Amino acid sequence: MSRVTVSELLQGAPKNWGKWGPEDEIGSLNYLTPEEVLRGVRSVRSGKTFTLGAVIGHPKGDPVWPGRTGAMKLMTQDKGHYLSHKVDAAPGGLEYADDYITMFLQGTTQFDALGHTWYDDQIWNGYDAKETIGGMGKASVLPIAEHGVVGRAVLLDMARHRGKPSLSAGETFGVEDLLACAASQNVDIEPHDILVIRTGWLKVFYEQGPEAFYGKVFNEPGLTYSPELVDWFQRMEIPVLATDTIANETTVEPETGVVLPLHNALMRNLGVLFNEILWLEDLADDCAADGQYTFLYVGAPLKIYRGTGAPVNPVAIK
Amino acid sequence: MSRVTVSELLQGAPKNWGKWGPEDEIGSLNYLTPEEVLRGVRSVRSGKTFTLGAVIGHPKGDPVWPGRTGAMKLMTQDKGHYLSHKVDAAPGGLEYADDYITMFLQGTTQFDALGHTWYDDQIWNGYDAKETIGGMGKASVLPIAEHGVVGRAVLLDMARHRGKPSLSAGETFGVEDLLACAASQNVDIEPHDILVIRTGWLKVFYEQGPEAFYGKVFNEPGLTYSPELVDWFQRMEIPVLATDTIANETTVEPETGVVLPLHNALMRNLGVLFNEILWLEDLADDCAADGQYTFLYVGAPLKIYRGTGAPVNPVAIK
Amino acid sequence: MSRVTVSELLQGAPKNWGKWGPEDEIGSLNYLTPEEVLRGVRSVRSGKTFTLGAVIGHPKGDPVWPGRTGAMKLMTQDKGHYLSHKVDAAPGGLEYADDYITMFLQGTTQFDALGHTWYDDQIWNGYDAKETIGGMGKASVLPIAEHGVVGRAVLLDMARHRGKPSLSAGETFGVEDLLACAASQNVDIEPHDILVIRTGWLKVFYEQGPEAFYGKVFNEPGLTYSPELVDWFQRMEIPVLATDTIANETTVEPETGVVLPLHNALMRNLGVLFNEILWLEDLADDCAADGQYTFLYVGAPLKIYRGTGAPVNPVAIK
Amino acid sequence: MSRVTVSELLQGAPKNWGKWGPEDEIGSLNYLTPEEVLRGVRSVRSGKTFTLGAVIGHPKGDPVWPGRTGAMKLMTQDKGHYLSHKVDAAPGGLEYADDYITMFLQGTTQFDALGHTWYDDQIWNGYDAKETIGGMGKASVLPIAEHGVVGRAVLLDMARHRGKPSLSAGETFGVEDLLACAASQNVDIEPHDILVIRTGWLKVFYEQGPEAFYGKVFNEPGLTYSPELVDWFQRMEIPVLATDTIANETTVEPETGVVLPLHNALMRNLGVLFNEILWLEDLADDCAADGQYTFLYVGAPLKIYRGTGAPVNPVAIK
């Protein structure tokens, strides 16, 4: 149980509802204008690229939010089908392999739809939460996917900043930590920057296994709620928060016991896009090596009609 | 039936097997070095962006290769579950919607793995076709997804070039048509350019319906085999062929009746990446309007372990 | 559009709500007491058995209600996986094949849950239709599956009775036709008999193909609504209606244009179980040959938690 | 690792291959002739019925063989879809709920196909194990499903016989234990009887949870291999072995370390049908109460085309 409700916690907290009109479904993504795209392009120097998606159907399993399950990928045909005469080659002799997947749309690296979470029966921009029934009638991931997410990003390597391979379960940080991390990296966070925060947490799943990752009670490290943090996001007009954790914030806010308050304070209320479960290890190693923590971020989730979220394999271009 | 086999048709045709070593799984993607990424970045002018993925779970259905089926997307929870007391809010009051999908991995805009098609029991680079059994042991889509596809792209709008809203079923074109199209657009195709060819065909599915799209015998318009075409691709070191059709080439090669010979001549033999089922209408309208047919292409398919292909929502940055 | 609503059509029609208490979820299945089981057992003479399920994943496709899709069955492992070293034999050398399915729970021979259809916001026994949200909280198929359906059944071969291989699209019959058919077969319909009605319609799918089966507008042959029919079902205390059509009744009631009124008049209001999409050809041939139209029916759908229906392969024991 | 291979262990062990012709796919099910059906019918006394399937999608999870996963059941529409205007009522006002499932075909109470397991590259009746590739070309579950399984069954309550609520992990028993159990129950095992053996193990999953059920190393209690056991099954012409465990035998044969030798000795070699994961608690309580351990068993798995197995909800009629 929590000591307060999220509704009480966020009483009077800022909202961007209506800022981009009553029909808006992409929120802070509106900040990423063509000019911001060009600002991102100008951050490219060497042409090195990094892909930030997690492997889907990894032999060690896929890290997912408790209650979700990993992807199931199966062959619909392969060379075996030809060998056992279940399938014939096409005229001329072409043969091919094909496959099929079942998965949670948020079961890997993904963007949340702005309407993915809510409280008090309203989702982003004030739409009725009933719009989610049977598929996201409003604030689905589709408008985000149609727009695409392109802009200048800053990597904030909180794990390196704290001198650890990865943060610990439940370990938190706030806006002052972000700024200190940026300072230690000699990088300025500019308005409209995409924030990419590394905790090292995703690596725990693959290196230490599910037991270490999930623990007795699942409690990820991450950003945690404060009024200052929310104000800073609003003032800096941050369009996207991306991290290498399942939910981009510490699972339980330690002061109040409220679960995932930033999903509501930042995503529902301000329209900040959440890009979760990123693989940041290779990018972070490279940034530490060359000291360049800014890059062009390009990520467009799949265009899932009425989706609550959609997988993406973002690309960082340095 | 075909008059010759693909094996006969491609007797003596060029191969890039071994060119990037015996363990290579990404083929012509090797051409896209950091220098080529920078060349692509230099093609950006206005910061306009276009996403090239098709909608998944479109209300009008999803265009797929015959034998595949469209995606099935279902809610695992939404506001209805809270209303009917099937799910409780999290501590503090957070509620959320979540969903699940079943789909063919090549059932929308996607990259083929290099080992997706073959003849004579060998896939790209000479790997045994048995590697495909139970999942792509070699030449899967995963190394492509880990690398990412970033470079300068040229749009060749064949439909506009021919003065049509879309090419007709079975309509073909070859290398000389590509060059004539480029000339008419006042654009040079440079070595290592990603080729993005618009036929207008995908639009037929949404505007005229499945009957018009599939016809009595499915036969897409597209590039068709010639030795000159294959030589040109090899000489120009084209890394990627991308189109707005299901299979990137005319379904049946009209001279011989061989099905999809370019999948083998270009993909299996040369290692050219195939990016299929793109939505090019908005991009093409814009290119026709501003006369800029080159752009930075950024597309990284999902990192599907052992996948025969994987969905992607590519981004064009002009 | 229909000329009246089902609510108007069934104004004053009989209901069995509350007859078996406010918590009842199995309706007319209550009629099948152990005594009725013994009556069914006594109808067995020769020990011949017939299975009445349709093939799932049939090479010709699966006949389903428009909007549903056929099953997708895929191997998770087979001998190919061992040959290509994707899987190792168990200690001692055991190897095995395994598979996975995705399907509509009503995409083959199945029992409807009593709450499967409704009007005026109430399902069987008066439960709120909101109970269906996110899974059947009331009147699911589970209590039916736990009980099992065992009793004496009578085959009424309407197609043979009318001298046709199968009834035609939209062809209807009523209670007097059922009685005439029974008379022509020299069989008495007794109270509590399971009614198994053959129209020959399912065979049309396999023999004439989907075009003949679905037509331009899907309209199955079958029973059609009349107040007399409903009264007869209630008076005879018929526990189960089973047919070889998708929906057990003519799709559109020809007088009024109301879609599937018997689902509401018999299932929702009286609690009659609907067992649909049966394969009756072999059983019917045998009944015509030996003149024995009664048998022990044994069918228990799968125990799907909160299911709207569940597959079953019923057995007829003559 | 095992000390011998299953091939060595079963050197010279009996086989029924060819006994029912070179095309046979149902093995010992051939023993269940109409006469045997009538013998089963004669065992019915009171008309009490019990359904023996496990719940699919149970709130506590579904017990499955390690590596398989539980079923995922999702609504495709329900009252919520009408409330949120995602779906319209049919003409006249009918509304309905519908659902979809993804599951392992052996992820609940099911019959194995005779070709489900093998060694030395041959499945039942000597068919090549390559027949399993891409679907069971031979010895699939379909012929079993088409035939149906009807006959006299005997419940052997090994847990009660040993005075325990359930056998312990890895606990074994053999043919002499079966006979002693039958004697203690005052029941004769007759030739062609379906053997239904209760260990109480399935209940452990629901009552004690997955940790107790799976343990550190999964090792079910059950029958274990001996030459005498195999000879007895062959001599008694037992058609079906059914138990309340996942695999019908102790997971690891303790003498040799061979995994699941009876799957090969009984199913692959003799053609004995395996019916697994039964819910026997209610039936067993009733048998203990009235002393009647024989009954008519009726079970027909779903007719899955080329299936390695198929779900079933068997009915016991006492």
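Think of it as A, B, C and D in the order they're written, each chain with its own count starting at 1.
One rule holds for everything that comes next: contacts are C-beta pairs under 8 Å (C-beta built on N, C-alpha and C of every residue); 3 or more make two chains touch, one makes a residue touch a chain.
Because the structure is predicted, anything quoted here is derived from the model rather than measured.
Student: When the contacting C-beta pairs are counted for A-D and for A-C, which pair yields the higher total?
Tutor: Counting C-beta pairs in contact for A-D and A-C gives the edge to A-D.
Student: Would the interface of chain A with chain B count as same or different, where same needs over half of all numbers used to appear in both copies?
Tutor: same
Student: Report, in whole Å, the distance between the mean C-alpha point of chain A and the mean C-alpha point of chain C.
Tutor: Chain A and chain C have C-alpha centres separated by 46 Å.
Student: How many angstrom lie between the centres of chain A and chain B, each centre taken as the mean Cα position?
Tutor: 26
Student: Any idea how many Å lie between the Cα centroids of chain A and chain D?
Tutor: 44
Student: What positions in chain C touch 2 or more of the other chains?
Tutor: 72, 75-76, 78-80, 83-84, 100, 102, 130-135, in rising order.
Student: Quick one: which bits of chain D touch chain A in the complex? Just the residue numbers, please.
Tutor: 69, 72, 77-78, 80-81, 83-87, 102, 130-135, 137
Student: Enumerate the contact residues on chain A facing chain B in the complex.
Tutor: Spelled out, the residues of chain A in touch with chain B are 1-2, 4-7, 9, 33-38, 41, 44, 46-51, 53-59, 68, 73, 75-76, 78-80, 83, 89-106, 108, 113, 115-121, 129-136, 142, 145-148, 150, 252-253, 256-261, 263-264, 296, 298, 300-309, 311-315, 317.
Student: Which positions of chain B touch chain D when the two form their complex?
Tutor: Checking each residue of chain B against chain D gives 72, 74-76, 78-80, 83-84, 100, 102, 133.
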